[in-house]
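Here you go, one structure.
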Amino acid sequence: MTIILFDGLIYASVLAVLCVGLSLTYKITSVPNFAHTSFAILGMYMALIMAKVLDVSVYLALPVAFAASGALALFMYYGIIRILQKKKSSLISLIIATLAFDMFMIGVLNIIADGIRNTYQVNSRDFTLRSLDIVIGGDGGLPLVFVVTLVLLAGLALGLYCLLYRTSFGMSLRGAIENESLAQTLGINTRTIFCFAWFLSGGLAGMAGVLMSMWFQGDPSLAAIMLPSIFAGSIVGGFSSVYGAILGGVLVGLSEVVGTSILIDLLGYWVIPYRPVIPFIAMIVTLLVLPGGLIQLITKYQKRKNMTMKKAEEEKEDRREEEDGVGA
Amino acid sequence: MNLLTVSELRKSFGGLHALDGATLDLHPNKINLLIGANGSGKSTLINTVSGLWAPNGGRVTLRGKDITGLPPHRIFEHGIMRTFQIPKHFAGLSLMENMLMAHPEPGESFRKALVPLQWKSYEASQTKKALGILESLELLPLRDKLSFEISGGQIKLLELGKTLMADTEIIMLDEPIAGVNPTLAHKIFKKIKEILKGGVTFLIIEHRLDIALHYADYVFVMGDGRVVAHDLPDRILDNKEVQESYLGK
Amino acid sequence: MALDPGIIFIGDLVAIFSVYLIINLSLNLEFGFGGVPNFGKVLAVAGGAFVMGTIPFMVFGMLVDYGALEPVDDNIMLVHQINAYIEAHPESVLGVFAITLIVAVAVGGLLGLASAYPAIRLRGDYLAITLLGFGEIIRIIGINHTSLVGGTLGISVPDMLAFVPNEYRFLTASFVLLAFAGVIYLLVARFTKSPVGRLLRATRDDDLALQTLGRDPVKIKFKVMMLAGMLGAVGGVMYASYVEGVVAFGYDRLNWTFLPFVMIIVGGMANNKGVLVGTFLFVAIRKLVIYYNDSLDGLLPFDIIWLDYLALGGLMILVLIFRPHGIIPERPQKTESLEKG
Amino acid sequence: MASSGDDHQGAPFAQDAGGATSSGDSAPDIDGGHPAIEIKELACGYGKNQVLHGVDFSADVSKITAIVGSNGSGKSTLLKALFGLCDVKSGSIRALGRDITRIPTHAILNYGISYMAQRKNVFQDLTLRENLAVVAGRHRADRAMDHFPELLPFLDRPAITLSGGQRQLLAMAMILVHNPKIMLFDEPTAALSPKNADIIIEKIKDLNAEHDNCIVLVEQNVKHALRNCDKVYLLASGNVVYGGDPETLLNDKDLASKYLGM
């Protein structure tokens, strides 16, 4: 039972971190990034290199993966997405470009995996670094990665809140996302801001990948396997909200792990391979029933409240006008 | 029986009432001009009548038949065509192909596509018709150009050509002379007058009153989502309501 | 039996080219013409292949006494038995293959319809995600539902050309495939030259404008996705019968979704000649790479199979940036060709 | 004016704090003789669609210059061209003596110019305070409000909850933070009630009187515009058909009836 708990929570948290990054870049670029999971796989291999090749603490891989995957995401944005957007490429072309980048990265990641195996005689496929982790309280105790993952997710939620709502940089970012040309006329260099956001998105994915490899198995093929799950998480939560992404990521992650284990009890072990179908169904149902995702329930209420406030202001104004006499 | 009647049509976006009980009755076989300040709901009216947006209330009837809230392609089938303020055309199609798209053809059936016998002659006659229309609009030499390769004025002419091809009973034009030089603008309206003789009815949104009032047969004025006045063109500007809502107080 | 390696090379090239031509024509129909980016193209192809992996066994079951043999469990033996029957009764192939094709077309159409249903009303980005998801699902089912096409091990299918003498069998297969592809090419070209082609391009360009001109874009997209599904399934049948087997693992995103996209975009979308050129180019280059595999292996610091991913991904990005309209860009139909009544 | 705040780094024409109503603190090179804005032979548009066809335009310091014309005549595009929001094909734009023709939009503020768009000129999802913080950094945000006491009660509400008039005031407050020498307003009174429109126009006139700013105003409401400006340009189909003082335009029966619908 505890294993399922660890499995579920770690997977859900990692998924949530990935969903946040995906939603962030989606908000900025309006393009779903189909190469997002490859940032995470790059993180996994950074972890493998740190732990098995350089023989240092695997936790050192967190900052390294953050930088490496962040740089990769930045390259993707600046070197591909931005150029295509400047050329006024269609949404579909942009989507194809992210798919193409994903293909390219599958090649690169497999080459890295082979390279590690051939050069250092380290198993680089379906590897796990779980045994290297510190377990708090001895055997059967609390694995450190579990704590770190939850802390990362909580820190991310809090950090994002502080960044977006407490710094003028974050406010500029929100402003630039809402209305890029207005932000520019007000003197904000939106390019720099968006580059930062892409870097952040990639970096977070890299860290998620490191944590992934410390509990589950790491392999280049995970990029394709996890892709539907992170899209499902983002969409279930509400694709254009980072908090929706956290919510959706956790929900989809838990339902994948816990749902599968329940289904095993009910139907037998043959259901295991069909696990990826769960997020896919969740996604389709969401799109058909509640296209704005769960966060829509909250924003709808907020929007209605805002509209009432706006109306009240306008009525106040009208009254004032009547009192003053029109045309005064 | 009345041709096209709009009664108490309402449409709101969030808290904004773009249409707030708009009512009008088209004069058959006439140029009905629809004017009003920015944001008074003219385009919303056309968009709602043509089925782009579902209304929140009210009715649209065509010869007494309720057509409220039907999807755009059904509205077209009932004989109402519309154009857009920023002309919408098929960018990957030539002018000629754009013209042919203005009217559904038997050859567009997936099943008949491989049997040219069933549509070749119709296609040829439509092409001939389109050639004639393009010629009268002086667009003939451009027929194989893509629609983004021609000028803004020519696109406005093409729009007009499409209404001729479509052969509908009612034509709603959203600013047919916006951004067009005066000479061409007059030409466009003269063409509209000509089309009128074929027994069609026009509803035209236009800002450039100096030109449009010349040609209109009847004028409706919108303000705040309602039709606030209607009259003959030479009397409409004297109407106090109109001056207030349209020209500013 | 020793065939000249050059002939094997050309025969295989022709066969693979024919398979991809069919699939790419179908993708071009829905994406290039109709504007529906089917990122789950593999769905219909795999559907067709799975039909090829099941239906012939059922139909031959009516002609041959299988005894206790099961198509999946006793695959090799059963295929052997059926092949022997085909050798003795070549005429049976016509019927079986025709039935298989009909079923595949029906399945492909249904799969197109099924994936269109939730997807067609969605915005471009959601559409892409949903269709992509459909493509992944069929592979999962194929791999895990062992009784379908043998799961991870795959399944061999009866050799429809078992009656042809061994030394001609290989070239005959290539020729039959090419003939099929040729007929389909001509039909599709004729189809897209008709007013339907114009209708599809118009749907792609501006479905709202089309709606105000009296057509229902949702219906059109449904139809074109069904049609493309049917053709895609035919491609799947062709491939499976050519390689005489179905391995669910093989029906992946790279080979059956991404590669067709690369081929038609590089060749030129909404343009059947462009598809022809693009398909030939890529099939030939990939064949050459595999042919010279050994000599390349020393030059590359990594395993040659990854070159596919690097080259296709990289090339696609470069093409999107520098030549988004492909080698033969789309051109509208000239008036003269419309006039001929 | 107490709200002027401290110098904005990189803004060459920012005024000193508390510059009051004098005109002595304006940047020195304005006296150099050139007009605040000088546009020559400007042709521009969006993509393939050319909107302006060779427009000459100039606006002076401490004057209000109005641009009028029918829908689609290119009024707004002229302002957008000044702010790098449309593609300039040929011609030149100079502001306060410096060439700004192809400067990226976000850098134009540094040349002492600010621009208030017609619609969507505030960030709707951000609160008023956050809106100001985006322009000013967090600390000067409150001080920017000194000129707009009517907005103070709403500081922590999302801008989307404001009425049309309040929103325009906020937009003005935002572009004033950097003390621009040139201010471009694109139909600031559009879709406002007459009363609110008057408030906005009065604010603009106040600013002009107080700071000797160069103000360029695009107006749909011709009468409004002519009553309040020092100089007027009439555009039609992307060309200037009149440029000069408002009275002459009003008295020119031909022009007035043809283009202004009077």
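So that you can tell them apart, the chains are marked A, B, C and D in the order they are listed, and the count of residues begins at 1 in each.
Convention: a residue touches a chain if its C-beta (ideal position, glycine included) is under 8 Å from a C-beta of that chain, and two chains touch if they have at least 3 such contacts.
All values derive from a computational prediction rather than experimental measurement.
In terms of the stated touch criterion, the partners common to chain A and chain B are C, D, listed by label. The chain pair with more C-beta contacts between its two chains, of A-C and A-D, is A-C.
Relative to the centroid of every protein C-alpha atom shown, the closest chain centre, again from C-alpha atoms, is found for A. Relative to chain D, the most remote chain by averaged C-alpha coordinates is C. The mean-CA centres of chain A and chain C are about 34 angstrom from one another, to the nearest whole unit. Separating the CA-averaged centres of chain C and chain D is a span of 59 Å.
Mean C-alpha positions place chain A and chain D at a centre distance of 41 Å. Rounded to a whole number, the gap between the C-alpha centres of chain B and chain D is 36 angstrom. Listed for chain B are residues 249, each touching two or more other chains.
Contacts with at least two other chains are made by no residue of chain C. Counting partners per residue, chain A has 310, 326-327 as the residues that reach two or more other chains. Residue ranges of chain D in contact with chain B, taken from their complex: 48-49, 51, 70-73, 190-191, 194, 220-221, 223-224, 237, 257-259, 261. If you check the complex, the residues on chain A that touch chain C are 26, 30-32, 34, 80, 83-84, 87, 89, 91-93, 95-97, 99-108, 110-111, 114-115, 224, 227-228, 231, 235, 270, 273-274, 276-277, 280, 283-284, 287-288, 291. Within the complex formed with chain C, the chain B residues making contact are 50, 52, 71-73, 75-77, 81-82, 84, 88-94, 96-97, 100-105, 107-110, 113-114, 116, 119-121, 123-125, 127-128, 131, 143-144, 146, 162, 166.
On chain A, the positions that touch chain D within their shared complex are 88, 165, 167-168, 171-172, 174-175, 178-179, 181-190, 306, 309-310, 313-314, 316-318, 320-321, 324, 326-328.
Residues 37-39, 148, 152, 175, 178-182, 207-210, 247-249 of chain B are the ones that touch chain D when the two sit in their complex.
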